[in-house]
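Look at the two complexes coming up: subunit A is in both, with subunit B in one and subunit C in the other.
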Partner chain A sequence: MAEGTIKEHTEAGEILRRYGLAVLFVAPYLIFFVCFTVIPIGMGVVISFMDYNPYNVGAATFSGFKNYGYLFNPDSMVAKLFWPAFGKTMAFDLCAVPCILIIPLLLAILINTQPPGYKIFRAIIYLPAVTSITVTGIIFSSLFAGDESGLINALFHTDIQWLNEGVLRWAVMLFVSIWWQTGTNFVILSAGLRDVPKPLYEACEMDGGNKWTQFFKVTLPNIKGQINLCLFTTIIGYMGLYGQPTVLYGSDNQPNALAPDTPMIMIQQWLNDPTFAKRTGTLSAVAVVFGLLTMLVTLIEKVATKERKRGDKHERQFRSYTSF
Partner chain B sequence: MNASSARIPLSKSQKAARKSKTISFIILFIVCLLFLFPFIYLVGTSMKTPSELVNKPLSIFPSWGNFTFEHYWLFLNSDNHGRIDNLPIWMINSLVITSLQVIITLIVDTLAAYAFVFFKFKGKNVIVAILLISMTIPGVIGTTPLYSLYVSIGKATGLSDVVLFTLHSVNNGVEATEYIYLYPYLWMIFPGVSGVFNLLLIKNFFESIPKDIVESARSDGASDLTIFRRIVLPLARSTILLVVLFCFVGSWNDLLWPTLITSGHPLNYTINVALVNYTGGVSDWSAKGAQTAAAVFSMLPILILFLFLQNKMIDGLASTGVKR
Partner chain C sequence: MKKSWLLVVPAIALLASCGKTDASVPATSSGAGGVSSAADSIKNPWWKSTGEIKKDSDGKVVYDEVAVNLVSVVSGDDLEPFKSIVNDFNTAYRGKININVESVGESSFEKTISDRVSQNSNPPDLIMSHQKGHKSFADNQIVQPFDEAISASGIAYSPNDIVSNLADDSDLGYSGHVFNIPVDGQSVVLLYNKTLMNKYATGGKLPENASEFQAVCQAAKTGEGSSFIPFSIPVSGNTFFQRYFVMTSLMQNNFAPYGDDYKVTWGTGNNKDAFVKGIDAVRNLFYGSSPVSSYGNGTAAAYTSFYNDRSLFLATYPWEVDAILSAYGEAHNNMSIEAVKSQKVGGFSTAGIFQADPTDANAYKIFGDSHAFILSKTVTDVTTKAACLEFVHWFINDVQAGIDWANAGHISASHYINNADAYKNDEYVKNYIQAYYTDINEFVTAGNTPYYTITFDELNSLIASCMDKAITDSDISSKATTSANKVNAAIEFINE
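Entry: the complex of A and B
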């Protein structure tokens, strides 16, 4: 009896010790996670149903779906700002996302033949991806400067206002985005290509497959996991487009709160303008709707790329981390 | 590798491989020139004399004998156009925020990852599942409330008025006092720590460490803290380096959040936020030299990291990319 209780005691002590230690190890991270991820997201949903002013929290009251009502009332200012910005972002993404997937894929295929100096090429193609968007903006806004002092205009003896409002500016942004963000997808895709088993290509060649059949029947299915990953992260990143339009603008369209280029810019401008503080609830509703739309787009992407048969190892790993 | 293959097809495929290598080399060489050109242009422009900046937009480098470092000297020394004389302060801000964020992230993430992998405790799987789900919720929903919290907490506790340093300056005979506040620093350092991706990266690596090592060390009487410090951390050195790099680049190049937080506190800007004011196709060409010099200056830390560690970084990104 006595022996039993002692043993139980030490076991209980052991469990407590282990459990306490586990809490001690996990707690710091969880505190950060709860404070800066869980609470804000939860609050975001709650505030979107409230009249809320961060400078006067005590006066907050629930207002039902009023904030969402603004967003779907075409005459309200919120709807007039948000939906055009959302439309512009989506249109840009439809052009940019395929480019930022296909160009890295082509470069990855080239690098995968391992020409002399391929490590240097790899580093150079990746370098812009670690450059900040502001440095990128400084470089390209002087390359595309509207007067004759811009290199591009000087080169072609033109006088084009590249960065003024319009399609041309978004085309420049697309060009800059390709330069800036090819690197990350390129590195992930080239690692995928490197791991495609060589015998598969030989088998395909034996069966009389040419380069195209090899590409579509061997290469693509085997890097599907990497392609899905790149697609997923690129779509998320470009839905939240912020940097490029912030740094690339001409002299006649300085950033102004009446015509935000993207939803993220609208959110930043509202938050930084104290006169909008009393509309924080409305802004939260905008963020919730925008977040749901982003999730919807990634969901469509997932359904569209869903494999009919069982995925490979990478595919499953990827899925286990990104799909719920 | 293909020792068993017949000789003639081998040499044929070798010939084909050589051909495709040559083609890849030529294309990649051209692509890399295009990718490098903006950087070369940036450095070249930053060394042009003011008159060449205006008169010779086409030449990438200053003409022979006309190299000048005056733009670099100007922003380190004094006010050039009344705008970038605070560049050293902004640089220090960026360095402090980035390094503290990297250090805290590392401590917090490695501890949590250790608990998730080597401890058995109730609710572990639930927590990991919640972390994974949170990755699919667009962060934009949390941005507004997080900023609201920043405002309300600062106001309620009076923390937002705590001055870290006071700076007196005399500009054109007008005396000015500017403040560096403590509060924005906290809000630029801490939210970034809650990121899930880096934690998963470390957790994935820890999972590849054989459990036997930890178990046998435990039965030898080693405490978990000892095992963590003496066995697990040294094994994870390369993964930790990778997290340092990702965290550093992410924090250094972050734009939206620091823009929000430092709005109205110009001396609290990170260098990335500060330089946004110098982008855009503004035709003030006399300021171009200072802008480009500032851009080069702001790139230095990332560039140094990249030059020394790019190989590790690219390989790391490649191998962990699929496990995101």
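Entry: the complex of A and C
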């Protein structure tokens, strides 16, 4: 018995010795992560199965999948608002994400050639990324205002309602997104480009490869990790599009809970309006479904960009090498 | 390794996309009593009372350093005047009651207050905000009525002390209770150029109805040349255009924003005709056979035109008038504000300018907002409740407070103040406030609807979409029907 206890104590001590320090280092983040991310998400999922009013919690009742039913009933108001908003977001993402990848990549390649003054250009390209979306909104609202205070209209003596017309407004948002986000991806891709081994370019050149061949056969494969990272974060970021449509609107399209631009705006508007307090359960269901859709899109992205060969290629090569 | 990565990816995506949202779902205190529907009486009060009121030999409540936290939606140019009025009260009640003012912006006011009260996290005691949001406060059990404070303190307050069209909403749909104490009204106001008015109005007399208004605008347009804009109004970047200006036109043309069941009928029957007429009355200013205004101007263009005597009328917020008068003086050899007021710029009203028939019962209606006081449910001490009521009672009975608040652009809703000679004879009240709001009894607000945000946000969007030059009456009717269906569907969904 005593021997068993000593053995248990020894095992516990061993576990503590082995993992204690790691747990200690991880604990601060873990506590916040659990308290402010895991639990709220869990609560959101639970609430999505209830009729729930945050101002009258005592009256909350279990409602099964009713809240999810609204999303998939075409006659429901929720479906009529959510799916068009989701569609608009996806359409915007299809335009925005490639632009926000290709433009920084081209700029990074250009800067990587180290032309005169490249350090200044590098700083200028990154500069917009440090501004907040609120500041960005003020700058571009001033530029694209539809009245005489709009700098672009004033410059060209035009009367274009940039922020009132539907397609024009989305085009402005695309332009703003490119301006704002290029710097972030540019930094990541620049770092990747600097790490591409120079001998590979020389080898390619010796094998008769021109600049295009070098780009497609050397550069791209070697910064694939960075491209995938940029693609992943940009897709997630733009699925949750919120800032740009919130700060860029004209007098004709003031925020309206019955005409949300994107799912995130729909969620925030409903959440901020006590009129919808009785529908917090439905709102949670919308958030959960939207989260699942985001997961689905990112999964598709990961599957589409994964290596056709097995990913442990280098590990297998190393094993075969060391097995001699 | 690869498979586990595939699980991590969606997990991160889920956190990134909906984590923030779900985290925002407010946790709340434990459940309250049963909720009464709008038309019901309150069966299970959700508020509590503790303590007893002490009274002196005269029967007046004894206050001993009672601190009251007042959260107000007032946050613009009128915030400082409001704080000054509260300071006057604090001085008068030194050692008894002290009101601390906190300002919360309109866009997040209802959510912020609802969360703070329901979570009992730094809740206000007294709330001053637009009356239109108070029905939602009551239905969500965020506020309590003043009933107990009135009965226990002996402070003589009755809804009859307030103009009836505003006081009618005091019960917020809970018959027999006093939840709401309205104190003022504000809407879009007009300024006019006295020199031009004397030149073009028949006998220098201010227009009194829509046809006289059109006549003086047309005369000024003809007399002053093509670049002259008789009626200057900032549209771009100004929410008051839809919220107040066009709404006033709709109300003058007998439009009803919603019915008894809160549903809307914007696209059917007489209400559709009223809507089209109201919209057309505004559109005629911009697109009539001889337009008198320019649609799409921003604030700078509209104001500059007025400063340079290139407009006869200017539409603006009442709390911006002082700044406008000052700027007008600067543009005219640095005239003093007093000189501008006496010689150059007068106050005028939107009453009657949109209704062709001046004998119509609604011809002189003005649509706007009314600030009202309401008591948070978190106030349990009955003396604190009485102290809140004491301040509100003072606000609607202290004539100087009424004058000061009127000078900040708000007409008093109190009969006592409106009838006081000092108020009536105040230069600003006499020449501007009473000119802006010709008859406070004609002042109307959004009233009591728990769905005011969805109703009026959609109405504002509808109004904006009807201002396009190419729109026809048929298009307006069609848009009104579509919008009405959306609002009604939303109301049904919320109540399902």
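Rule of thumb we're sticking to: the second predicted complex is superposed on the first by the 277 of 324 C-alpha atoms of A that agree within 3 Å, B and C clash if a C-alpha of one lies under 4 Å from a C-alpha of the other, contacts with A are read in each partner's own complex, and residues count from 1 in each chain.
The rule is simple: a contact is a pair of C-beta atoms (placed from the backbone, for glycine too) under 8 Å apart; a residue touches a chain by one contact, two chains touch by 3 or more.
Owing to the predicted nature of the structure, the values given are computational and were not obtained by experimental measurement.
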Should the pairing of subunit B and subunit C on subunit A count as a clash or a fit in the superposition? clash
A:A259 contacts which: subunit B (first), subunit C (second), both, neither? second
After the superposition on A, what does A:M295 contact: first (subunit B), second (subunit C), both or neither? both
Let me test your reading of the model: by the given contact rule, A:R279 touches which partner, first (subunit B), second (subunit C), both or neither? second
Check the residue A:T131 against both partner chains and state whether it touches subunit B (first), subunit C (second), both, or neither. first
Once chain A of both complexes is superposed, is A:P245 in touch with subunit B (first), subunit C (second), both, or neither? neither
Applying the touch criterion given at the start, work out whether A:D159 contacts subunit B, subunit C, both or neither, answering first, second, both or neither. second
Which partner does A:F121 contact after superposing on A: first (subunit B), second (subunit C), both, neither? first
Applying the document's definition of touch, where does A:A59 land relative to subunit B and subunit C: first, second, both, or neither? second
Quick one: subunit B or subunit C, who's touching more of subunit A? B
With both complexes overlaid on chain A, does A:M77 touch subunit B (first), subunit C (second), both or neither? second
Touching both subunit C and subunit B, counted on subunit A across the two superposed complexes: 36-37, 40-41, 43-45, 47, 54-55, 57, 145-149, 236, 239-240, 250-251, 254, 264, 267-268, 271-272, 277, 280, 283-284, 287-288, 290-291, 294-295, 298
Under the touch definition given earlier, write down the residues of subunit B that touch subunit A in their complex. 1, 17, 20-22, 24-25, 27-29, 31-32, 35-36, 38-39, 41-42, 45, 53-54, 57-58, 60, 107-109, 111-112, 114-116, 119-121, 127, 129, 131-149, 151-152, 155-156, 190-191, 193-194, 196, 199-200, 224, 249, 252-253, 255-256, 259-260, 263-264, 272-273, 275-276, 278-283, 285, 288, 291-292, 294-295, 298-299, 302, 306, 310-311, 313-314, 317-319, 321-324
Under the touch definition given earlier, write down the residues of subunit C that touch subunit A in their complex. 1-2, 5-6, 9-19, 21-32, 34-35, 108, 110-111, 114, 118, 136-137, 140-142, 235-239, 241-242, 296-298, 300-301, 450-454, 457-458, 460-461, 464-465, 467, 486-487, 489-490, 492-495
Going by the contact rule set out above, which residues of subunit A touch subunit C in the complex? 36-37, 40-41, 43-45, 47, 53-60, 70, 76-78, 80, 145-149, 159, 161, 232, 236-237, 239-240, 250-259, 264, 267-268, 271-280, 283-284, 287-288, 290-292, 294-299, 302, 306, 311-312
Seen from subunit A, its contact residues with subunit B in the complex are 18-19, 21-23, 25-26, 28-30, 32-33, 35-41, 43-45, 47, 52, 54-55, 57, 107, 110-111, 113-128, 130-151, 154-155, 162-163, 179, 184, 187-188, 190-192, 194, 198, 225-226, 229, 233, 236, 239-240, 242-243, 246-251, 254, 263-264, 267-268, 271-272, 277, 280, 283-284, 287-288, 290-291, 294-295, 298, 314, 317-318, 320-324
